[in-house]
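Labels A, B, C and D are assigned to the chains in the order they are written; within every chain, residues are numbered from 1.
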Amino acid sequence: MNKMNDKYVLRVEGLTVSFDGFKAVNDLSFYVEPNECRVIIGPNGAGKTTVLDLICGRTKATEGSVKFKGQELLEMREDQIVHAGVGRKFQTPSVYEDLTVFENLELSYPKGHGVFGALAFKRDDTVKTRIQEIATTIFLDDQLDEKAAYLSHGQKQWLEIGMLLIQDPELLMLDEPVAGMSVAERKKTAELLNRIIADRSVIVIEHDMGFVEDIATRVTVLHQGKTLSEGSMQRVQNDPKVVEVYLGH
Amino acid sequence: MKANALFTRSEMIGFAILACVIFLLLPAVLDTFRLNLFGKYLTYSFVAIGLALCWGAGGILSLGQGVFFGLGGYCMAMFLKLEASTPENTAIQSTPGIPDFMDWNQLTALPWWWEPFHSLTFALFAVVAVPVVFAFIIGVAMFRRRVGGVYFAIITQAFAAILTILIIGQQGFTGGVNGITDLRTLLGWDIRTDEAKETLYYVNGILLFAVLFAAQFVRRSKLGRLLIAMRDQEDRVRFSGYDVASFKIFIFCLGAGFAGIGGAMFTLQVGFMSPTLVGIVPSIEMVIFCAVGGRLSILGAVYGALLVNWAKTTFSESFPELWLFGLGGLFIAVVMAFPNGLAGIWVEKIEPRLLKAFKKSPAPASPAQQSTPAE
Amino acid sequence: MTDETSKKPNSGVNRRAVLAGGTALTASLFLPKQLKAAEYPTAEINTTGLAVTDDTVTIGILHSITGTMAISETGSVQAEKLAIEQINAQGGILGRKIEYIQEDGGSDWPTFAEKAKKLLVNDKVASVMGCWTSASRKAVLPVFEQYNGFLYYPTFYEGLEQSPNVIYTGQEATQQIIAGLDWVAKEKGAKSFYLLGSDYIWPRTSNKIARKHIENYLDGAKVVGEEYYPLGHTQFNSVINKIRLKKPDVIYAIVVGGSNVAFYKQLKAAGIDMTKESPLVLTISVTEDEIRGIGGENIEGAYACMKYFQSLTNDNNEAFVKSFKEMWGDDMVIGDVTQAAYLGPWLWKAAVEKAGSFDVDKVRAATPGIELTSAPEGYVKVHDNHHLWSKTRVGLAKADGQYDVVFETADLVEPDPFPEGYQ
Amino acid sequence: MFADYSMSELGAIFAMQGFAGLILFSVFVLMALGLAIIFGQMGVINMAHGEFMILGAYVTYLVSNFFAAYLPALFSAYFFLAMILAFIASGALGLFVEWAMIRHLYKRPLDTLLATWGLSLILQQLYRSIFGAREVGVSIPDWMMGSMPVTDLIEIPINGIFVMVLAVGISLAVYVMMFRSGWGKQVRAINQNRVMAGAVGINTEWTDRMTYGIGCGVAGVAGSAFTMIGSTGPTAGQLYIVDTFLVVVFGGAASLLGTIASAFSISQAQSIMEFFLSGSMAKVLTLLIIVGILMIRPQGLFAMKLRK
């Protein structure tokens, strides 16, 4: 396949995973374009998080193909997928609580990723400047030396987003980035996301419809591991199938 | 923030105090016999330092460190045994020139894999390399398969059992349950004399500090922070683009290399190596040294090894029939009351008071020392 | 206060009196006259700085009292303490009472080495009664040779050793093995043997000697199987099946420790009735001490080959058994090693008195040729090679946990730690 | 190696060897069941498991002495009472240990390893101080030490059958408790989510204590049964600990069925290899195979594949 001519950044085709016979994701296909913000919605248990797990290699697929810029992700190790340019944020904020905000960001800095690279890694000015820059973006420039454990829930979410940003991924996958945030934090996050999705592709899982409307280019509705509907927010909202299984209740 | 410095202020003080204890205090107050005993205890602290990195920082609990300690020790012992088994010394054997236990087991020639151990250079290399290669194989097999936690602990324990049975069963090649005994000289230098014991104690101390510096370097490097990050959020590290397994393999190999050095020094100071140091019981005891010291702290690991062994010797000399109560009680007390061990007591209780006494503002302790133990 | 002061010496006196009663016979045999300390100035009999005062001499007892070996070594400790008490009751050695420092080897060989060094270097003990396993002896041997200590080692063992610093009061392998094999071939017509052992040096070396003897010296006899199991192994059903398949005349078993109990219980449960002697079980590793753990009913009918059985009928032994039980309780049993351990302090006493000095070099020089006519096992003599001349006996295990002695060699068997033709 | 034997002999030997494997299987099941409850369901790494077994053995010893002295007429049946008392004694000690120690450590599973190791040292010394350093001989009623001749060559040991029946019985009892009773549901609920289980009204404290107690009690019964085939001494418990953990881990810690399957496969492998190789090599090979398989399938034989 010719990379340059591919109009999609990500091609998911026939993706299936079964856990002891239960198919959490079943023959799923969808495509993501450059600079698109795709939001995946669906009721609980629809397989949303599993889809992200499959793309980033956390769960091994039973069948199907996931191509990112022409590379088959299903055959790659998690860290290789990251290096290919795919970043992933988890549902519950996962930051290193025993380390400071600075150290959290530093560990995500895309340098010194091998064992000996990590041993030889020096905290030079480029690194510091870059970390400072990201910290400003995620509203944490005042908390750089604080341990991550002492941050609020929303701040941890931002920190994790910052840890992804510093790697500058081409495809960013966010699992419920505003869950558990206050209204004010939520607003700030939406603003943040709008800024960072500008020059990359993003896949977001979200329940908050207002938030989805704010950011989505296209929406995919999952139900029982399959695509129920796909298109613009408006189209999806008016799809009777969607209304029945999801928005209806 | 002096991020690239090797030490924080309080760590510097800690290293200095330990150096005084090992090089000045102990030699000053102990006779040669006791000093040699402490030298033996210090060899265990090599293992405990490795465990502080693997387990405390990295969350990898190995119950098979005795394997690496033993391999290092056996490599050294093989060299020394060959040196002791000159044809003149072994003239009464049916095959002079091979180690006595081989002769007892009807071996008539030295096995090929003993041959390289005629060379000290090779033996010294093997002391580190054999445990590291062994750890590498185990590590690749286990960490690539994402075996961790309790499973890793129990599988390493099985390795300790396997190696012990193998060594005992292959006595023609290994000396069996007796081990490799009656080691005499190192390149003609008699290691059994009191002067030799003292020299070896200092060599041991210097090596210990070399290992401590290496461990400190790793801990203060980005790799050290990664280990802590991995312990707490392994997936996050993985999805930050790190190959988690290779870091675990590295730190496990490093711990194994440290243990190998400890084992070699043990052989030199005690004068023999035996399978009782390879098995499950010593492996668990080594974990306990580390736990008593405070599992995260490399200095604590040294004190832990010293304290537990000293307690063992003292209890058993004073109460030969009851000392196990004391030792068992000590382990339980440490786990229940001082989960952060000696280092925890120092950081939480003693250091703040000292600082208060000197009327200084409390300096931030190193992140590793403050963090809670791994689960 | 009065209570306490009146109590302590009393109990001491009582016990002493009892002991003296029990050992009156031994005492009269051993010692015609009481030696007075004053006749032997400390400075003259102790020129190397050992722990000897005008009234006392200190020795060490070094056995495992914790760990797996404590099971076996406890009897040795008891016997050594008994011998020390008896010697003290007779006035000690050169007029000096024996005091002892006991250390725990903890079933761990490096610990043995550490404690041996402590006893020699720190405590300056004049001699040490100790060790049980070969591994512990090998671990302490360099220490004893370096600091010129003197060790009395009680266990039957594999031989291949002769240290100037050790007296081996148990039998070495050829003494124990050959007479038993000859007996079973001659009396029972045994032709095929299945050799079985725990996996370490003593069973392996012993079986090596047994195999050479069977193949080279017993007419038409052969070894049909040889097998070793890890120490502490507890499942023997597979090997029992193999034995059934091979149908040997004799199972030659050198299983030790906890494995022993499992082996004999499972052998019995598998329907192999040892009293029918088909196959016959011959062991060199089960003393009366081990039978306590196995249960007499589970080993009834097996034969053991060693130098001492508790049931020996001679005056020395009867007095010994009586005082041992008085000191340690009626339910005690005494095995071969326990008796050998009992010889240690007596042999040392005899050597010190012959040398007229506690100096290790002089004691060593005086040791060869020392005789004990009053040993429970009968007459023994120290060979130039530091082992004992002793008789070898075969016992038949009974349900009550004792052996019936069915055979003993006519003469003392010469110890031969480096046997020609058996290596 | 089989050339010298007739077919009927070979048939008999293979039958006996199969039976030996089954006995070993039962022994493993008995060893492992208690630990499967404690380690598998509660996550407590109980290094004192062997010592709890030996407590059962010592109780059996005491009961046998009591019957021999006071109720000789009933001696042939004492074993059943001994097993019940062994369960009660080990269980009671388990309850106490849980209360005094384990309950403070649920959040630190690896620490339970260290604390219970300390406990095992203390228990060993306790046994030594009370019963002496030597092994004690437990007299087993004659009928249990006999064997049943089936053919001329095949003899079935009664104690083997006894161990097998006991293994089946206790497995069934544990199965019923864990999967057919409300209590079992609570235990499993706590295993999966302690906080939630507490929140929905399960008395986690009580359930934990009973679980630990029952696990220890089962160990006690196993120890009592092992007086028939092994030794009873202060350190005998250590002989079992590695095998026991491997059986449980190999089976997939949380699955009782897995524990039984793993006991079966390990015992068969070991018993077959023991027949063809020497004992030590058979043991080494068995361990290596277990470790090898665990590397390929780290979660054990029977583990649920979960959606993370």
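Going forward, a residue touches a chain if its C-beta (ideal position, glycine included) is under 8 Å from a C-beta of that chain, and two chains touch if they have at least 3 such contacts.
Quantities reported herein were computed from a predicted structural model and do not represent experimental measurements.
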| item | value |
| --- | --- |
| Neighbouring chains shared between chain B and chain C, ordered by label | D |
| Reference chain A; chain at largest CA-centroid distance | C |
| Inter-chain centre distance, chain A versus chain D - centres from mean C-alpha coordinates, in Å | 48 |
| Whole-Å separation of chain centres (CA-atom averages), chain A against chain C | 75 |
| Mean-CA-position distance for chain D and chain C (Å) | 36 |
| Separation of chain B from chain D, taking each centre as the mean of its C-alpha atoms, in whole Å | 33 |
| Sites on chain B at which at least two other chains make contact | 165, 168-169, 321, 324 |
| Residues of chain A engaged with two or more neighbouring chains | 58 |
| Of all residues in chain D, the ones touching two or more other chains | 124-125, 238, 280, 283 |
| In the complex with chain B, residue positions of chain D that touch it | 39, 43, 45, 47, 101, 104-105, 107-111, 113-115, 117-122, 124-126, 129, 238, 241-242, 245-246, 249, 253, 280-281, 283-284, 287-288, 290-291, 294-296, 298 |
| Chain D-touching residues of chain C, taken from the complex the two chains share | 65-68, 70-71, 73-75, 199, 227-230, 232-235, 237-242, 244-245, 257-258, 260-262, 265-266, 268-271, 289-298, 401 |
| Residues of chain A that touch chain B when the two form their complex | 56, 58, 77-79, 82-83, 87-88, 90, 94-100, 102-104, 106-108, 110, 112-115, 118-123, 145, 147, 160, 163, 167 |
| Chain B to chain D touching residues, read off their complex | 61, 141-142, 145-147, 149-151, 153-155, 157-159, 161-162, 165-166, 168-169, 280-281, 284, 287-288, 291, 321-322, 324-325, 327-332, 334-336, 339, 373-375 |
| Contacting residues of chain B [partner chain A, same complex] | 1, 3-4, 217-218, 221-223, 225-226, 228-229, 232-233, 235-244, 246-247, 250, 367-368, 371-372 |
